[in-house]
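I have placed the structure first, in the form of structure tokens, so that the comments after it can refer back to it.
Just so it is clear, A, B, C and D label the chains in written order, and each chain counts residues from 1 on its own.
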Amino acid sequence: MSSVARACVVGASGYAGALTARILWDHPHVSLETITARSEVGRALSDLYPRYRVPLVMEELDPERLSSLDVALVSYPHGAAAEVVAALRGQGLRVVDLSADFRIGDLDSYAAWYGAHKAPDLLGEAVFGLTELHRSEIAGADLVANPGCYSTAALLALAPLARAGLIEDAVVDAKSGVSGAGREATPLTHFVSADENVIPYGVEGHRHAPEIDQELHALGCSERVTFTPHLVPLDQGLLASCYVTTTRALEADELRALFEEAYDRERFIELADVPPGVRDVRDTNVCRIHTSIERRTGRALVFAAIDNLWKGAASQAVQNLNLMLGLDEAEGLA
Amino acid sequence: MSSVARACVVGASGYAGALTARILWDHPHVSLETITARSEVGRALSDLYPRYRVPLVMEELDPERLSSLDVALVSYPHGAAAEVVAALRGQGLRVVDLSADFRIGDLDSYAAWYGAHKAPDLLGEAVFGLTELHRSEIAGADLVANPGCYSTAALLALAPLARAGLIEDAVVDAKSGVSGAGREATPLTHFVSADENVIPYGVEGHRHAPEIDQELHALGCSERVTFTPHLVPLDQGLLASCYVTTTRALEADELRALFEEAYDRERFIELADVPPGVRDVRDTNVCRIHTSIERRTGRALVFAAIDNLWKGAASQAVQNLNLMLGLDEAEGLA
Amino acid sequence: MSSVARACVVGASGYAGALTARILWDHPHVSLETITARSEVGRALSDLYPRYRVPLVMEELDPERLSSLDVALVSYPHGAAAEVVAALRGQGLRVVDLSADFRIGDLDSYAAWYGAHKAPDLLGEAVFGLTELHRSEIAGADLVANPGCYSTAALLALAPLARAGLIEDAVVDAKSGVSGAGREATPLTHFVSADENVIPYGVEGHRHAPEIDQELHALGCSERVTFTPHLVPLDQGLLASCYVTTTRALEADELRALFEEAYDRERFIELADVPPGVRDVRDTNVCRIHTSIERRTGRALVFAAIDNLWKGAASQAVQNLNLMLGLDEAEGLA
Amino acid sequence: MSSVARACVVGASGYAGALTARILWDHPHVSLETITARSEVGRALSDLYPRYRVPLVMEELDPERLSSLDVALVSYPHGAAAEVVAALRGQGLRVVDLSADFRIGDLDSYAAWYGAHKAPDLLGEAVFGLTELHRSEIAGADLVANPGCYSTAALLALAPLARAGLIEDAVVDAKSGVSGAGREATPLTHFVSADENVIPYGVEGHRHAPEIDQELHALGCSERVTFTPHLVPLDQGLLASCYVTTTRALEADELRALFEEAYDRERFIELADVPPGVRDVRDTNVCRIHTSIERRTGRALVFAAIDNLWKGAASQAVQNLNLMLGLDEAEGLA
């Protein structure tokens, strides 16, 4: 595609939206025309996030005024996004939605976590935007539901095993930096609460679990996995430590081969010989994965590290956008 | 006991030894007479650790000169402790050993991780020093093998379930602050490596696993648990997140009751209504535990937080020492 | 004093108030009867701050119901404290006020930072509670105005030079941990803002400057010092780096002797041979000071480290309370 | 320049060298042919620094084998660089040296900090590589002495005042992240030492001071400034807080205008309306500066934030290299 797509970021004041704007601002084939926000209207994004150096001023959202644009990347809170996405679709824009609103196909499951869905008619056209699992559908989609950060890491870690029918049972213990809790200043995100701390949360159930279940099921795994997130004292980064009881005994080499087969041609997935640290993938779209077999138990261990704001949100949104626009999926992400 | 016990700390330059010295320095019924070290001989401990404010000067170890003392707390590296403990026992001192050298009863299992044992004859008299599990044997022991930090948290989290025969399978995902890696400056402990990072290690097997297996087995659980440690960017603190498939379905209330029964009279174990953060137990001998049942899977989740240098090492050593001396076990630890 | 003083902490939900309550809870000669708060009424302090382990429940403030108590420690925001202190004084309680409301004798100077004073009649009886400078007046005071954290470190660093008439000019560059910004969750205290950051603030003038000026003036120094605070990514700790152009050339030994003379009998001031780190004084009432002469310029350098929540707030309040009650000033602070 | 320059990085295993290699690896007009190291020979750089994703393998240095290359960027320890630079110059390569070896024109001053100079004959051709001060000489130079991180921030903050003859006296209080202390694992760089700490060092004199003096003198300022560095708990970032007594009273607007005049056309210097945080410049070549006049004292305050590894080392080296090669100085740095 030689022309340039005209884009807007809707909800640019939050962490994921702001980073999406920053990536698009430097994108060679996308022109970022407009950014909107619910708070901070009238401020330049570079005031709020000096390090992103995006001089655009945040405006109030008026979908009609955006009708001349080609695409919108929407970064609204869960529940609030659906209506906005519907309005933008009504104006003819193709949309990547970073919220949970179009990730879950089952309306009851969605309602249990987020309340009644406000644009159920659009669910049919939405494609789950884990790029490596749904590349071809994404390319043709008008609405892509970008996955959650936890789901991204957990699913990339488990997909090769799920597809091979090897998961008998799985535990996902995930650790996320504080940016994953969003820009809102709360007791949880206060420096003095998070610093020198590690804390599990959502221990009886977390809203990302249905996404994980849904996608594993689509891959042929009917087991429900245990999933528990933890908050760790760093800003960006997410590690999913996955403990899989396999349906049959696996050697380390066989496990590794399974992942090589799945991911060797993936440009944003790295198979590492050593366990990944989240620092290895900071500020990148990369998911870095290590597999091993625990000697004492024979269990398969898979560790997947991503940057929760990049592959877990903004850069995967751009990766999907590239596919939708017929561009090289790495454009603007190097 | 009204008299004062005369004590030494052997290996006071490392983190655990230094903190042991600091606790004993303020102990109302123990007189810290001597501290020794392999490095830093001739320096005051308060030079090396200003915040501990212990003015004693580190000496070279000469067991014969310590024969007039009552007790020794030994904080040497694994493998190097055994001979020193033997020498001190030969001088008639009762010993709390903070290394792994006397924790594992099975010599082959020990050798697999640490090499040939250098004082196997003493293994018979050693008591595993997880206070809450072995209180009465510790009281009468001449040699207490203080458990590892990971073992302490994992075993306190799993013991009530193990004792009740409820563990069918368990995964322990543990997160430790960097002080757990010791005082040696290495690439792993460099600030720039650990900061903004989370990294799994020992993923194919970790030397604390045999301790956990041994003690669970003693409680009647023959399963081997999966255990994986992670390094997180904080100095002191350890969280063990335990995922237990139970032999029969459990309600949250029943699970909680099991822990209340086990720990309600324990002064250093807190059962919390919310998941514990390691910040909650910093600089204390407390193990803080939360239990829940994950709704989607029915799995029992137990989270146990300790300070790896305190309950995971130095303060548990003093807790054990108190018992050996017939003192209130909380003496010096409030 | 053999009897026990009955105390309350008014404003126990904030960082300084909560720590004050925790110190008093374990104090051998003070009985903490009541804690109040403006928010979080009805919650146990141990819910809000698990690590402090104070089971008292926060109540609404009703000064009349506190009339049977002996002393109150008030930790309200600047401006809001004056009226509360007046009410408590009206009930006959002696008060240590941790706010700025009674620190500044000059009403205009106060008003410039905090607005009109709400209890100016009480200013006359207030004593500035920097213990080491005003010990005897504090002992007899009914109202002690506990100094700010920056003032505490800066004044302890500069007082010996000011008293000797040696300050021709001074720059104080101060670095504080995030707890100094208070418990309120704001963009400034969000983990993602403060982490991996160092940021100056209040650069055109800071409200602690008048306290510093006032006290230096009382010591005979009429110069106004430059004072700039910075936020650094840690929870507790404050370092004041003081750069003093002296009225005459000083040798390093002479400078050191000046500080030894001033502080050698002070139990909570440490003169260190090496520059202090804030980690050296964490969770203590200690101010650790190092002096040197910069060779190239002849300037006197004084570095003072405190824990902003302890010597900079709560523990100095208790130190002052001890004096007011005729107790050893270290009681409850060891 | 349309052709591609062939480059090597000598000393690629340290932080600055590794980052230099990473920047050159992606540089559109430079081909990174070889990387060498004194340790870690035979390992791929991407093993040592996974996040840099440079697959080149570190070799032993053999200057003769590099004779076909155009340029070398040398990142050796101070003192060790001079001989290597001489050898590379002897092979005809143009060199950017990141050490201090060619920064200081006065041999006695150099010797006082680093010992006898090992290639004094080359000093005459060396240009001090603070790009914004010496752009034209750098363009024609065969040997550029890249400045230290502290010097870079301090000089960019003070140059406009020095050039205008406005500095009567100045204090520079600098705060640096731990990467500034280098990759070597030492007690100072251990996570547990640096975490939750702020610590001044080099308080009686620091080796960067002569560079600052020399350059200020060249700008017409004969005063020696006080300079004190501090270590703060973050990985990358450096803030220089500069307190200047001016030779005449300045208004804030006049001060600001002075900096605008000096820097308005500089692409890597940002004049900010608010004090800069080091987070604002992380992973960039930008120096972000804020100026103000302290109301109480009339003193000029200048705060300059850089990333110590980027503008303070590697990216400024590439900025200089670009000039030497006749390229746009921002090439490869956006």
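Brief remarks follow.
Definition applied: contacts are C-beta pairs under 8 Å (C-beta built on N, C-alpha and C of every residue); 3 or more make two chains touch, one makes a residue touch a chain.
Not measured: the values here are computed from a predicted model.
The interface with the greater count of contacting C-beta pairs, when B-C is set against C-D, is C-D. The distance from the centre of subunit C to the centre of subunit D, with each centre set as the mean of the Cα atoms, comes to 39 Å. One finds 46 Å separating the Cα centroids of subunit A and subunit C.
With centres taken as mean Cα positions, subunit C sits 37 Å from subunit B. Counting only residues that touch two or more partner chains, subunit C has 193, 195-196, 233-235, 276-277, 279, 282. Arrangement of the chains shown, judged by which pairs touch: all-to-all, with no pair of chains left without contact. Contact residues on subunit C toward subunit D in their complex (touch as defined above): 169, 171, 173, 175, 177, 193, 195-201, 203-205, 209, 213, 224-226, 228, 230, 232-237, 239, 241, 243, 245, 275-279, 282, 290, 292-297, 299, 301, 303, 305.
Every residue of subunit D that touches subunit B in the complex is listed here, in rising order: 15, 178-179, 183, 185-187, 189-196, 233-235.
Within the complex formed with subunit D, the subunit A residues making contact are 26, 50-51, 196, 272, 276-277, 279-284, 288, 334.
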